[in-house]
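Two complexes follow with chain A in common, the first pairing it with chain B and the second with chain C.
This part shows the complex of A and B:
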């Protein structure tokens, strides 16, 4: 199979044009794209192997449609995701409101999903402090409240981008290890009567 | 002045119309130039030959399977070739699994189920049997000779069906069932080939798969779709765990084997587990189909899709994407279905990329996919989605690239189901009018201009009639083609005119040349004058300067 094996699923959530795609693009291809793009056919799905300690974790990064008209469907996207990057635009307070919405959704529907808050377009804010609409401390408080981690990134300069995804991979790697050691015993005993056995009994 | 205009038509000799066999009736090109009677005979013969070949192949396949099976099984429980031995295989196949069972049930109960197993499939086939009484005996014998009858989609089963059709003289359907059965044969054969490379574990896998298929065939009557799915998923899980320990954790090899196993199992089980009667999948299919049909008026602008179909490359990709998503229904293995979706998505991505000159993000992709689904109205969409969800290898579905596109397709379907005025940025009134068919929004006209406003066209018969050409792209295409055709025929006329002129010119030129030659010949008639008789030396002026010829002299001595 040509498709790469993927260990875990990471969804990118956030309002339209907060820069989800740019963030992924920056992380995977180390570039910020203005004007015509080159060789990628689409940045909606990427599989990215990351070195964590002596292991390699492959993140499958899922871009999602941020438009409100697809809000009802977003649940289908983050089903089974182990990590979600909820993006908001540092220069747009409405995008932060939307971020709150997604956080709530995730908490309701995917309790195993780790949440990473990500304020984008940090470079704009750095250049002109007046543009900032989301205070860092407010966001920090919110992050603490929901048990999430906060990153302020810039896809243009690459600031904090690698750190964010590295962190996701590390935390996944840790939790996957725990997860597996917890479940190993249960799995084997359950299968016994599921099909080998029941096939002889049910008629 | 036209010269023999009938030359322009196609001339067909009377004898060419007759049946090639020379029976005196007219033949038909569709029957390869034979008359209906001769064609039927010919076709029948070809079909019988085909059946013979298939039999030989099925026999070979069966032997192969049995050998593989027997070698993993030990000689004691080898399924015999006699009809009486039919009851043995299911029983024998189960025996190795008893070691996985913690609790032992009493033998009697198992025997009862075995016997039931043996009988239940025949009741399934029974209604069809009533059709042909005479063949039935032969069929039963054959079925005994070959594989046990519980195996749905086995070569024998397919052959039986085919033979039945053959004897009844059904001419239309065999191609479909033949294709299906050939596919099953091929997949079984591939699977066998694949397992051969693995030696002992291969045999073990084969044994498990067969036993599993068999147990599924018995269970499916009284199990719902979810339970069936659970069984299959458990089987995947169990097998991959065991493979994992066998390959010492090389997940790549495990995946390779699991892909083959999935292919084999699902091809075999497809008929019985795709859109099963216990679910309302079929009803949902129809509902979705109607829904999509009712939404025929949704335009590319309403969905905010960034694809410009005026660019030939883009429309080419759109057509390919539509074809791919429709093709999904024809595949049997969940992975192949997923591959169709992925292929479709890739085409959409290229279409968007060409239009926007930058790679698409999910914000562009999802609306485009929705648009493609609306355009394609893929057959049995819900059934296919359910089937993939239930029977695909879960790791592929949850995380991989295929899974991503599949999730998008699910989203697209969910969106289409819930779609309302708001999600298209329309007024509720407007939406209602479109849905009820009272009005239809304007579409881009065939000569490439986008409408200035995406509002509804003014109501009224005349306007509707006038825009009907613009509304239906197929009609526009038709008009375009017609125009091209008439242009072509005009050119053809001109060409003929030219040709005729040339012919005339040639004739007159020939005439002229002949005349000229004649003329010249007349003017300079060929006179053959007698050559003047002359001595050899007459023209030689210097002859007199030559010394006199030598004269012989006599020397004394």
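This part shows the complex of A and C:
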């Protein structure tokens, strides 16, 4: 699976338990796992080919852990990402603050990375409007301000999930067409960057 | 004096601000065991009494603590052997200094438990109290970091008391090791900047419990590295470590559960998949051929190249995160404290095939090397297929264990055999009698007890033969191996000895299948 060529790197960011893994699960495996919350450890990688027009684009999706413990090393996961899905929980205002943090981080370190804001757990909000803590228009304003696109998704029902990733793939495909001469995807066998990292670089 | 303390403690227990005491409770606190401890030495008589007692309680109807239990984790058999409230520790020496402290300590505990209520599990409830083993982790500033049951916030005053105990004894240039009172063992492990405390009603010795606390300590170190841990607390003494550990509590929960069940943690050994030596060689060769420059270790299922403690931590990590690695590939920093507590390694964790049980763990020093390790895995898989070893491996995984009948000793129910030179152990499937959670933990408890007798710090033993009501045990420690046999209760000593000899012969015959005789290194 991983031996295939990955065209573009997509990274999932956001506070813990907002549902990044669920979003990936829904998109890649078309399922929603019910059960006790399990946090992601480190990060998980999955490659997913997707049809855009008459071409196939392979997204290399990095599902990162939201836990603060991994924050110091989050850079290795989003470095070189062409798209970032910054997730927040529609029913948790603190997760939106965290999303702002990630956006700032990306703007500082990865200026070529396109940002997709994603409000998760839309099904909860649909079921009970009182649960909503993040107003759609506030989020919309923020998205405009940072030049991002906004999606509200539900991994439980699948609402808007495919649209989000389809959009990512399309936009990549468009931009790849424009910059075809510059770079042609990421070669998995490429050697690592020249700078040196010690194994205890996290401090 | 001792009796005094116990009575007082029990009085406060009963009078304390408890919810109405139901019959189970009475049954338990009125159990004859305290008196038993007074009279008997830790020996056969006491064992027998214990069996009777544990059975009588198992016969009781539903568990009282079930309702208070809101976590999903399986109930640690609170009632497996409450007779265990006796300890052989009481007769032991040296630690009695704290006897008078316990009275002081219990009073504030009672009141603080009464005040605070938690959503998760009411720490005032009987259910909370009757858990067999509590584990607490706190910082040296007395800040709660982890509690096995109940929320840490609710326990902050209790933890404060624990810290007070530790520093009170420390003030006299002494170290508090344990407190024994009212059937409870309270064991302290001070590992600056952390303090770990276990409160148990089991028959485990202090040494066993310290070992378990050490596992918990190393689990925390493996998440953060020791360097980072020290750094954090040097910068800010009252840092709330839970912020960094958020989401990993279940790793510790799971580790504690495995400590109760997995003989590997007891024996400080791991087990490997029984595999014909030719296929094992093929697998190892494929692994070696597929190496990358930064690769430090590769573990396929259960091959051992590492300190057993580190290996168990890696296994715990993988086992605790059931689904997330299954279809994708994980890439996570992990510190292997016995190998290097200062830095992180990076582990590439993947299943060979989404549906397969085989998990490959590649450990690298370089966090940029994800894709080269990913390649590594592919190469390994291809090579494995080419040599037809993959099929053999898949077959072997289908039957990861073997039945004890294979050995051909009818009296033998179960055994543990640890080969000291390789650090590997082997043991058959649990027979029917022990397959339930309670049964499994009871058997493990008995093994644990034998183990702590063999490895007693002042009076180590070389062999033990023990008759019980429900099973007989034989334990034998030599320079080359460690062996524990669980036999049917009617076996005589002669039969047991011949069973040992037969078993050893069988193991020698199967040696190359059960153990890794020639581990490869990079």
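The rule we apply is simple: the second predicted complex is superposed on the first by the 169 of 203 C-alpha atoms of A that agree within 3 Å, B and C clash if a C-alpha of one lies under 4 Å from a C-alpha of the other, contacts with A are read in each partner's own complex, and residues count from 1 in each chain.
Everything that follows uses one rule, which is that a contact is a pair of C-beta atoms (placed from the backbone, for glycine too) under 8 Å apart; a residue touches a chain by one contact, two chains touch by 3 or more.
Keep in mind the model is a prediction, meaning the values are calculated, not measured.
Of the two partner chains, chain B is the only one that A:9 touches; chain C does not reach it. Legend: residue contacts after superposition of the two complexes on their common chain; A:80 is shown touching chain B, with no touch to chain C.
In the superposed model, A:29 makes contact with chain C only, not with chain B.
Touch criterion met: A:70 reaches chain B and chain C at once. After overlaying the two complexes on the shared chain, residue contacts for A:21 are found with chain B and with chain C alike.
The partner that reaches more residues of chain A, of the two candidates chain B and chain C, is B.
When the two complexes are superposed on chain A, the residues of chain A that touch both chain B and chain C are 3, 16-17, 21, 33, 36, 40-45, 63, 65-67, 69-70, 73, 76, 188, 192, 197-203. Chain A contributes residues 1, 3-9, 12, 16-17, 20-21, 33, 35-37, 40-45, 47, 60, 62-67, 69-70, 72-73, 76-77, 79-80, 187-188, 191-192, 194-203 to its touches with chain B in the complex.
Against chain A, in their complex, chain C makes its touches with residues 72, 223-225, 227-228, 231, 243-248, 250, 317, 321-325, 327-334, 342-347, 365-372, 374-375, 377-378.
Partner chain A is touched in their complex by these residues of chain B: 94, 97, 100-103, 105, 109-110, 113, 116, 212, 215, 218-219, 222-223, 230-231, 234-235, 237-238, 241, 251-252, 255, 259, 346, 349-350, 352-353, 357-363, 365-367, 398-405, 407, 410-411, 414-415, 418, 422-423.
Those residues of chain A that touch chain C in the complex are listed here as 2-3, 16-17, 21, 24, 28-29, 33, 36, 38-46, 63, 65-70, 73, 76, 188-190, 192-193, 197-203.
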